[in-house]
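Pasting a structure below so you can have a look.
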Amino acid sequence: MQQNPDQIRRSYRQMRLIREFEERLHIENPKGEIAGFTHLYSGQEAIAVGVCENLREHDYIISTHRGHGHCLARGCDPKGMMHEIYGRADGLCKGRGGSMHIADLTKGMLGANGIVGAGQPIAVGAAVACKARGDGSISVSFTGDGASNQGTVFEAMNMAVVLKLPKLFVLEDNGYSEHTGSSYGIGGDLKTRTEGFGIPVWEADGFDYFSVYEAAEKAVAHCRAGEGPSAVLATATRYFGHFEGDPQHYRHKDEVANFRETVDALKQVREKVTEAGILSSGELDEIDAEVLSLIDDCVESARTGPAPGADIMMSDVYIEY
Amino acid sequence: MGEMTMRDALNAALKEEMERDDSVIVMGEDVSGGAGGTSGKRDAAGGIFGVTKGLLPQFGEDRVIDTPISESAIVGLANGAALAGMRPVAELMFADFVGVSFDQIFNQMAKFRYMFGGKAKTPVVLRMAMGAGMNAAAQHSQTIYPILSSVPGLKVCVPSSPADAKGMLKQAIRDDDPVVFFEHKALYARKGPVPDGDIVVPFGEAALLREGRDVTVVAIARMVQFAAKAVDKLAEEGITCDLIDMRTTSPIDEETILESLSQTGRLVVVDESNPICSIASEIAGLAASEGYHDLMAPVQKVTAPHTPVPFARELERMYVPGPANIEAAIRSVLENE
Amino acid sequence: MGEMTMRDALNAALKEEMERDDSVIVMGEDVSGGAGGTSGKRDAAGGIFGVTKGLLPQFGEDRVIDTPISESAIVGLANGAALAGMRPVAELMFADFVGVSFDQIFNQMAKFRYMFGGKAKTPVVLRMAMGAGMNAAAQHSQTIYPILSSVPGLKVCVPSSPADAKGMLKQAIRDDDPVVFFEHKALYARKGPVPDGDIVVPFGEAALLREGRDVTVVAIARMVQFAAKAVDKLAEEGITCDLIDMRTTSPIDEETILESLSQTGRLVVVDESNPICSIASEIAGLAASEGYHDLMAPVQKVTAPHTPVPFARELERMYVPGPANIEAAIRSVLENE
Amino acid sequence: MQQNPDQIRRSYRQMRLIREFEERLHIENPKGEIAGFTHLYSGQEAIAVGVCENLREHDYIISTHRGHGHCLARGCDPKGMMHEIYGRADGLCKGRGGSMHIADLTKGMLGANGIVGAGQPIAVGAAVACKARGDGSISVSFTGDGASNQGTVFEAMNMAVVLKLPKLFVLEDNGYSEHTGSSYGIGGDLKTRTEGFGIPVWEADGFDYFSVYEAAEKAVAHCRAGEGPSAVLATATRYFGHFEGDPQHYRHKDEVANFRETVDALKQVREKVTEAGILSSGELDEIDAEVLSLIDDCVESARTGPAPGADIMMSDVYIEY
């Protein structure tokens, strides 16, 4: 925990932003205004933020079906995101993508992706561009424990090694792949499997922002130095169901409450930085309040945003046709 | 004859076939669920749409196989088990995931028998949920039966009612050829009458749901319902249509369609897919060749536009052909001679 | 204007575009070859069909990228590089390998721009060799442009001559949309005139190769040659045809086809693909809808049968539509009114 | 080398059969009577035979595009195969499959496969059937070094571990993937990568029949005992080009000659068993002569076999339609 107050303030705010964005969606969702599948990231905030705080302007990230956290951590506009989730014409993707396809190319955010395991080879491709530019930029993919069993993920790892690309693989084990525990579907273990391709892996406690930040710092440095791909393996949990509406029969009813009470990422940062005297409780409360009101704004504005019309349905299939 | 949802009808078909034949096994992601979870409860999912619910408790882990997220391997698993004498029913969850498993469908299961000189049989059933209606956007809403129907060696089912769903799934399981079985998401919860007992619906026989004089309306899966609405509405005005539910898009029951066309002289084809190289194109093409001499007006294809499936409610509603589009198409073939 | 093979024309297009634009890169299995071999020679392959020969020596390993056998990752690589500002030309070797990489084509490159609100562009060119003619059997001989043409967001090229191959590949590389580029194996070694200098063939413009009064013949890739034979033979008898080379199957130049049909009233579509949901079906369907009032006889579709591609010489020869089949189809649309 | 003379006689004959089958095809191919792609197995005989000699009647194997060796080692009829390669109506696949698709389900031979990496998940599926039968049977896939980079192969390995199936993965590193050295495309190494999934790997010298036999013996025993999947990794070379007609620019011109002279699989067996006094040189010569005349027969008969007609083109697309 050698970070300066500004860095911590920013990271804490990012984590709080993700948390409140997701907790609020969990409240809004049952009201019926939000369409489609919504996969929430609450509980894993330290991973997205711990990794993305190590990134630079020209780096790329690619996300998963559970993309809000990665988008926010990468700096996507929360209001644009909320409008997108509500299917508004002025959402980040004009209401055509929704929760599962939020992207912002101007931020180097190559999209959430509804196909599990599809993002990894794409991110490897972005790493080809990074290498060609020679500016030390890197490309990052996020991969769930369940997704890690998809063949494309292994192909991506192998390809990144063969081409010696600046590619960071972030493996997020949140305990579940839909309704199945992550241990069930993984032959061997995530670390050994990744190392088998010749990729160094830094492990982290995914509830602990500092742990993730430090692991990512090393892994990112490896990539930027031109040493080829690297990986971060972080373990945490998701606080909500696989998607909103999931009755979670597979889960002990106290499981999440225990995590929330003991190792919650936000709680941990707050305790550590106040105890260490880096930031005061009051400063953190201010951030919390600011974020809460921002989220209020986002939801209010999204609820009444403009509906997309036929022109939006028919456009952007091609650039020129 | 009871009323049940398509979901329950499919579930019953699986259960009955598994009881009847030990070689029937089920596999896929979360077909039971709960393995490795902290509640200790298995069958926690029973399939993401609940179609395989209750099978694990009854038939055990050796016959109801939860898999990792590895669709190529899931379909491969089914293919290999079938070559080795079993009757696997693999679930692909969303039809869009054909993307990640296409080789095992397109180059493997469809071709074994032919390539291997007729010595192999590959009695795989590949179940998948298709279609818009859940605002699941571009990668979870497609109806790709045209692509699958174009592949020689595959049979393709697109049931529109609970009874057909049950009877066709039973036929699919007993069939010695590989069958791709599409279940429309928007139909799972719809109820309909299902005859008691062991019903089997043969493939390649379309169903004539309404009889009429004026127009032949051919529809698929969810579009059958919308077409029925349009047809019933027009009937009140005295415009009557033959309404044909294709039921399988491979094989195609060309006879029933051409026979109806020979009576009406007018054709509307309703297909939720994108328009190019669709089943709508195929049937329209059939009318231009085999049906030419009967055709008294331009064929109308009613399809989704040539765009991915959009997310927002307003957009998805525009994207999916509805009763109003079908009604307009029927009127137009009557006007335009 | 020189004579060259389609292989050389494609090679020249790649070379010229790589010289013109640094962001153009080439990737695939053995696009150069020789890495890790005992001879120490690189560019030992230059692509399995020789199309990328000589690029590595000129442009280096960073722009001519040999890859492991991982087609999903190859296409993914191209997709990601394109999103990040490059213009990748990825080679899939055989079109049949779309099976193992379909998701990256079907759910990713085709949909990024739409799903992402119009903010992405994906200028990928995906080259692949298609078609029968080498007795390469069921998994190495398919012509699957109908499947790809059905996917909104993709453009699809099917050149039939060296000049078009060159001009269309250049257009494909400069195009900001993803393009699937089919090269017919049986055409690689065929020579034809290629204009000097920087030629670019726009997409969606079919070529009228012969003009006639009696029948409109629409053909694709290798079938254009066979159709030309049939058309030229019939011309000697005074039966004259419009021969239309589609050149792209997405977009389809419906105008040229309908315009010709309005003159001839008769249509033959020649497509090497399997018949169901083919481009032949699509064009026949077009005739039944938009072209209905001009149609004076049943449309004839000349396609491969609904079977996988067989291996033996005798079988493959029967499988592929030839000049005799086309001639028969033309005669039949003239007889049958 | 504790095998009895009968076992050795049989294995030697199998290896000789593969060798002569392939060498003869190499001679016949340029004559223009054989259509399509032909990938020859010469040089790797010890691998197919060393593995298949450990198999029982109800086991399954699945092959690759380079399938003749596996087919013959599994007991497919050489004459039926030769007729198939010549595209005859009475070939093993009625002339519809050709070299790349030879299969014989009655022998548990689930086919050569033109799609690199496609066979592995299929073989895992056959292992599901083996497990269900509970008769101790197993399923075997052969995988080249190049194929080992295909995502489906990793998925298959993982799936076999998760479902604890009697599945043997035979990895054949013959030095090349088409025109590229195998080292180029493999991130990490084949052994560690496979072990990363929790699959034990037995290594073997792929030129040495006894080495392969013994490695396979252990790996097969592991599967039959219900311990889950296992692997054999064998290294050898192919004597001919990737396919017939390949000019092999990637290869040093003396490379193959050196292998043939020093470590050739047939030569090694002959030397070892004659030196150990298990079989005499004369006995082996007899086998060679018998095999040569069998191959003569096969080619003679295949050259004049019946051509397939339209009925064969149109049949077996479906069983019932």
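Each chain gets a letter, A, B, C and D, in the order it is written, and its residues are counted from 1.
Note that in this section contacts are C-beta pairs under 8 Å (C-beta built on N, C-alpha and C of every residue); 3 or more make two chains touch, one makes a residue touch a chain.
It should be emphasised that the depicted structure is a prediction, and the values quoted were computed from it without experimental measurement.
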{"item": "Chain D and chain B - chains in contact with each", "value": "A, C"}
{"item": "Whole-Å separation of chain centres (CA-atom averages), chain A against chain B", "value": "35"}
{"item": "Approximate Å spacing (C-alpha centroids) for the pair chain A, chain D", "value": "45"}
{"item": "Distance between the centres, which are taken as Cα means, of chain C and chain A, whole angstrom", "value": "40"}
{"item": "Shared-contact residues (touching 2 or more other chains) in chain B", "value": "67-68, 70, 72-73, 96-97, 99-100, 103-104, 107, 114-115, 137-139, 152-153, 305-308, 310"}
{"item": "Chain D: positions in contact with at least two other chains", "value": "93, 96-97, 101, 113-115, 118, 149-152, 155, 158-159, 162, 184-186, 317"}
{"item": "Topology of the chain contact graph, where touching chains are joined (line, ring, star, complete, other)", "value": "complete"}
{"item": "List of chain C residues in touch with chain A within their complex", "value": "25, 62, 65, 67-68, 70, 72-86, 88, 103-104, 107-108, 112-121, 152-153, 155, 175-177, 204, 251"}
{"item": "Chain D - residues contacting chain C, complex", "value": "35-37, 87-88, 93, 95-98, 100-101, 113-118, 146-147, 149-152, 176-186, 249-253, 255, 307-310, 312-314, 317"}
{"item": "Residues on chain A engaged by chain D in the complex (per definition of touch)", "value": "149-155, 157-162, 184-188, 192-199"}
{"item": "Chain D-touching residues of chain C, taken from the complex the two chains share", "value": "29-30, 33-41, 44-45, 48, 66-73, 96-97, 99-100, 134-140, 305-308, 310-316, 318-319"}
{"item": "For the chain B and chain C complex, residues of the former touching the latter", "value": "72, 96-100, 102-107, 110-111, 114-115, 137-139, 146-147, 149-153, 250, 252, 267, 273-274, 276-290, 292-293, 295, 297-301, 305-308, 310"}
